[in-house]
Amino acid sequence: MTVSYYPGCTLKTKAKNLDLYARKCAEALGIALEEIPEWQCCGGCYPVAKDEIATKLSSVRALAAAKEKGQTLVTVCSACHNVIKRVNHDMQTDEEIRDKVNRYRAPDEPYEGETNVLHYIEMLRDLVGFDKIKEKVVNPLAGKKIAAYYGCLLLRPGKVMAFDNPENPSILEDFIRALGAEPVLYPARNECCGGYLTLEDPEIPKKRSETVLQSAQNHGAEVVTTACPLCLYNLQKNGGSEIPVVYITELLAEALGLK
Amino acid sequence: MEQNNFKETVLRISGVNPKKCMRCGKCSGACPNYDEMEFHPHQFVSMVENGEIEKLMTSPSVYKCLTCFACVERCPRQVEPAKLIEAVRLCVIRQAGQNHLKPDQIPEMLDEDLPQQAIVSAFRKFTK
Amino acid sequence: MQEVIKQKAIELLSSGKADRVLGWKEGEFFYDITPAVFTDVKEIEEKFVYNAFCGPNFSKYLVAESRKDGKIAVFLKPCDTYSFQQLLKEHRILRDKVYAVGIPCDGMVDIEKIRQKKIKGITGVTEAGEVLQIDTIYGKKEVAKKDVLAERCENCKSKKHVVYDELIGEEGDVLDSHRFDLVEKIEAMSEEERFAFWQNELSRCIRCNACRNVCPACTCEKCVFDNPASGIDQKAAADSFEEKMFHIIRAFHVAGRCTDCGECSRVCPQNIPLHLLNRKFIKDINEFYGEYQAGADMETRAPLTDYQTDDCEPSVILTKGDQ
Amino acid sequence: MQRIGVFVCWCGSNIAATVDVKKVAETLGKEPCVVYYENYQYMCSEEGQNKIINAIHEHKLSGIVICSCSPRMHEATFRRTAQKAGLNPYMVEIANIREQCSWIHKDMATATEKAIILGRAAIAKVHLNTPLQAGESPVVKRALVIGGGIAGIQTALDIADAGFEVDIVEKKPTIGGKMSQIDKTFPTLDCSACILTPKMVDVAQNEKIHIYSYSEVAAVKGFVGNFDVTIKRKARYVKEELCTGCGACTEKCPQKKVPNDFNLGLDNKHAIYIPFAQAVPKVATIDPDYCMMLKTGKCGVCSKVCAAGAIDYKQQDELVQQQYGAIVVATGYNPIDLKNYDEFAYSQSPDVVTSLEFERLTNAAGPTGGVLLRPSDRQHPHTIVFVQCVGSRESGEGCGKTYCSKICCMYTAKHAMLTREKYPDTEVYVFYIDVRTPGKNFDEFYRRAVEEYGVHYIKGMVGKVSPENGKLMVQASDLLDNKQLKIEADLVVLAAAIEPDPSARPLATMLTTQMDTNDFFTEAHPKLRPVESATAGIFLSGCCQGPKDIPETVSQASACAAKVIGLLAKDKLLGNPCVAESNELMCNGCSSCEKVCPYGAISYVDKEFKMPNRTIAVRRVANVNPAVCQGCGACTVACPSGAMDLKGFSNSQIMAEVDAICK
Amino acid sequence: MQVEKNFEPTVVAFCCNWCSYAGADLSGNNRIQYPANVKIIRIPCSCRLNPMFILRAFQRGADGVILCGCHPGDCHYTSGNYFARRRMTLLFSMLSFLGIEKERCRVEWVSAAEGAKFAATMNDFVATITRLGENKKLEDLRCKK
């Protein structure tokens, strides 16, 4: 199966591991990631205001490109995922935004939110299947207690992202179980890491990230995993703990024997 | 942007109807960055409704919202306070010369591990 | 296609799957196609036709036919299936007495439109793809089929069969039609223009009742217009009130039940665009109460036997204003 | 041909001052078929009525028109007058020339002219009147109560007390409902079981009451006074008539790991069980999902130990048919499922409980024997946080309910107060949006919780509950102090919204009663007929109609019983004769009328018709049940063929009035 | 349109028995005036009003027809006025489509407590009809002897 792949800016630079293993593992699991040609940066965070049109265009371009190929659009960075899925939702439901965007782009065929947007982990669950991953694991991460860190971007707003139960998600835990490790459930897994505020005032992300890692460790975590480069940065840099924080694709690659 | 039109602008670009709020405070109960904020999510709702936009615009609180959407997710009346905060912030930075983040400030903020994502996000949030 | 359908008719009859077959045969002229009930194979072989003039919608005949002994097979074009299903929904047709065969349709031709192209002395029409070859006493002529389609087929709403026992050919889709364009045009006129328009149209009515007689929604055991007790049973179109009264009441009686099959306008000897009245109601229903297509399914409540507590008020008409 | 009499009333000067009554009478006297006319000062007086009676006799009148005050005032009076004179009461028409003429016009000529027109319209109508006979139907003197909670119990007891037979259908093995699970009742704090169980015993011992426990209503046919109900008695694998309730079977049953639904799954029960000690009927029931004998055929211990020989593993569901004159719905409520409120960690931590679970945790007959212990480690909680309005008062776009669940403020105050009383070392926080305590002694009760018991009431809502280090970290806002609180709690109690029992909706369909979008039954009138449904003969008791506390439920239950008794006390029901009637010859059987009927009064029958050519055709035609029809006329307009007409307001009558007015 | 000086329109008001007829009575009880042009026909519920009756009224020379019923949600029969509302909306729309003056028909919800509203509604409606003048587009000339 071939899907359109949107890596995003960070995966090309600071988060190469997230990208590299995403590609390797997908290939091993029988999914071809076809990078969207000439994709543009999604802007990092979803433009919430109803009158923001230009800032939504890069996402719409990627979405329309996937539509043209009739492919599902897969992202792995949580931020890109949040932006693109929400813009797609706007294109499906907000007539005004849809109309303005389409007028602006003036494509042959207007884009109306037809593309199916999946996060890499959703792709693993829905297109590959965790059972099949389990079969393909050569290095089970047995005995490892791994805490999944969702953050805010994958889950909220719950109705739009439709990713998992936003208050008590289980998809990453199921994934960790499929890799042979033991998932650690801790309440801060859907709390925010402090995000981009790190640029201006690292004190805030520090408090947030410490809370997250402390909660994970309280519940016995040995490793924390995330899909977001900024979360990873904040947890590592500001989390005040030596606990390793890794990308989900790294875990997957390790278990599949690709690392 | 005319001063007395701020409320209308905030309501328009946020798409939020603050009248739906029943003053339960769950947003502020949910907010992870509550302690850093001068005005809290529930106050944004009531102050916008009362037209006290300038007070909010001059408060550093507008730059403290993490846009994590916990308040939106848990609001029992679908008021969506985060969208109001965003709209108030936009009222500030869309004014001439009011960008909160300037390019020449960036280099000193960087460290080698900082992902691009943080910079583009901050730029989108803090500049016109 | 005619051959395939004819063979199906023969098969249904000879296999005993059906005791009678409802199909088309030529009337006085080749373009004057009428419904016919076939009971023997030979008759089918000789007379059964299916061509671009087979406009008649059989649904209504099934009200009586399905009450006779034995089973009747019927051929239904996509739009006919809507009428058929609507009648099933209203318990007018006994479903198990009917064997419905869905057949494809790529539009029926209006002989008047051919004539309007200054083609005279027509003796026969043959379909050749997109083109119609016309035999006339003055020799052969050709017209593009799309130019002479009946109005209702120009604005075809659906190529999908909503109910059938068996389907011949491939299933089509519900279409985006422009069927409300003319209604919109009339709505955009001034009040006086609208009045003049309809005065002109309806004053031609001769009260022949053909529209009612052909209408698949008009299957009442006793029509109010034939019932002296109803208080509106006048037979002749005595004056302008009478014409309007008849057509308003008829449109209202079929509102929410009319599938927009267009038979009323097809049979009107005075060429009054009666379907516009029905379409006006359909358009209003769609706008006011949400999209509704009569006959599209068995479950959805008809709009006039349903309500929402937040429906619009009748005063909405006042504010709609003349554009 | 009618012989019509016209009687014009002066109403003292009320009419006569602005309407020339003599002229009206004389003018109307010239109308076709009017054979008698008269005007008089007070038509409604005894003298006036005698004039009418005499005229009917003398002039052999077949219909009369009274030009007088509003029919809403004296129509009934004049109908009785006609009846006294041997004239069918429905041969009377009133022209309202007072409220709608003399009182609103000043000019005599105008008012007189209008009075004449109104009189003409009434004459035109009476021309077409036909004598109507109100239908009669017998009343089965037995009531069915669906649901055996406090609402059903109270209604049944009151009906039985008036001497009528009552059956209670309860889907659980025992009656008692939610009240049997509750520990104490507000605002008096008396023990729930102490006041409920005597009533349950009364029910059991009342000769007029029969309990179908572990049973459901399977089908309902018929109409007011004459319902035909099928009751499904589910197999309990124990012969009810033999079981003595000794409990030996439960004691010996080896399957002990069955979640105890009576204790909301907080502990386990045996596969054969009696829900609680005071159950009525006190009969054991086998849970077929857990019983080894029923699942594998191996065990049979209960059968061996049962001295009464009551165990019957081969028992089947059984259908019982019964007739009733009235049906009472008392299906009650449930707390909503909190699966969509994981921010409060309900599914993540056993120490986050609902208020009903809290009741069980404090109940002496509950899983902890009445000692408040938290479920996770059976330790005494020192800090308890109560969260109000969980799932209530939401916008409706989310997962919660739009209404206020009404009872939570008071029971939370009760819980908080009782906790502080029994365990003074416990800190109790209540997070509220508004405290709503309308009710006798209710606000005083809440204030006592705050002032005497030191419960911390905080205006604000909890945003998140995080289980950390064996505690529950509660993050919440305090709106009055404008700060965010972080409380380390041992137990969190959620006041879950309440919703109607899921059995209510299918039941409403069976009963053809209406429900609102929240699945609460709709009362016939929100103010004036609060315990009746719009469907005649169906009554509403308790929370099935809307959230209620116990005192309110009981008063509604008794009110409901009064309505039922009023119905059952009649031998025959007289209907409103102005009902719809279908002309079978014209009916298409299209079901349009049935769809708009709010009462389910229309059904369809296949009927044979003789056709002209001596054949017989079978057609589906509408049939109006006159006992159920209320005469609104919605069907008459929905009917495309005009087969449906309304007696007393027929198409031709109304059109005759139109003609008379527009002439 | 030229309005005749002493044109007195004929207005038929269909009133449901439970709310609007009682509202009209209340208006009388309180002696609130409205024009005598209005003649009320009592029907059990607004849903009893067949569009045929309205056409009949116009045919026989009515210049305006108004339907009054219980407020939506307050119907004595719970749902009657909801059906009436749909029927009248469609009928009025059709009359307008045919070029009939759309102000000639109206629906107003008047409760039993709204005597003043009933009178005000009738005053306004009669004024509107007087302004519109005689119903020419929908009358049946035969009925005008």
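For reference, chains read A, B, C, D and E in written order, and residue numbers begin at 1 within each chain.
Methods note: a contact is a pair of C-beta atoms (placed from the backbone, for glycine too) under 8 Å apart; a residue touches a chain by one contact, two chains touch by 3 or more.
A quick note: this is a predicted structure, and the numbers were derived from the prediction, not measured.
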**Prompt:** Shared touching chains for chain B and chain E?
**Reply:** D
**Message:** Give me the set of chains touching chain A intersected with the set touching chain C.
**Reply:** D
**Prompt:** Where each step is a move between two chains that touch, what is the least number of such steps from chain B to chain C?
**Reply:** 2
**Item:** Contact-richer chain pair [A-D vs D-E]
**Value:** D-E
**Item:** For chain C paired with chain E, centre-to-centre distance based on mean C-alpha positions, whole Å
**Value:** 36
**Prompt:** If you average the CA atoms of chain A and of chain B, how far apart do the two points sit, in angstrom?
**Reply:** 24
**Request:** Return the distance between the CA-based centres of chain B and chain D, expressed in whole Å.
**Result:** 48
**Asked** Which parts of chain D, given as residue numbers and ranges, touch two or more other chains?
**Response** 343, 464, 596, 638, 651, 655
**Message:** Residues of chain A that contact two or more other chains, please.
**Reply:** 167
**Prompt:** What residues in chain E touch two or more of the other chains?
**Reply:** 51-52, 56, 79, 83, 87
**Prompt:** Can you list every touching chain pair?
**Reply:** A-B, A-D, B-D, C-D, C-E, D-E
**Item:** Complex contacts: residues of chain B adjacent to chain D
**Value:** 20, 22-31, 34-35, 40, 42-43, 70, 73-74, 76-78
**Prompt:** What does chain A use to touch chain B in their complex?
**Reply:** 8-10, 13-15, 41, 43-45, 47-51, 55, 77, 79, 151-152, 155-158, 166-167, 191-192, 194-200, 204, 208, 211, 228-230, 232-233, 236-237
**Request:** Within their complex, state which residues of chain D touch chain A.
**Result:** 341-343, 345, 347-348, 464-469, 473
**Request:** Enumerate the contact residues on chain A facing chain D in the complex.
**Result:** 165, 167-168, 185, 187-188, 215, 218
**Complete:** chain B contacts chain A in the complex at 12-15, 32-33, 36, 63-64, 66-70, 72-73, 82-83, 86-87, 90, 101, 106, 109, 111, 113-126
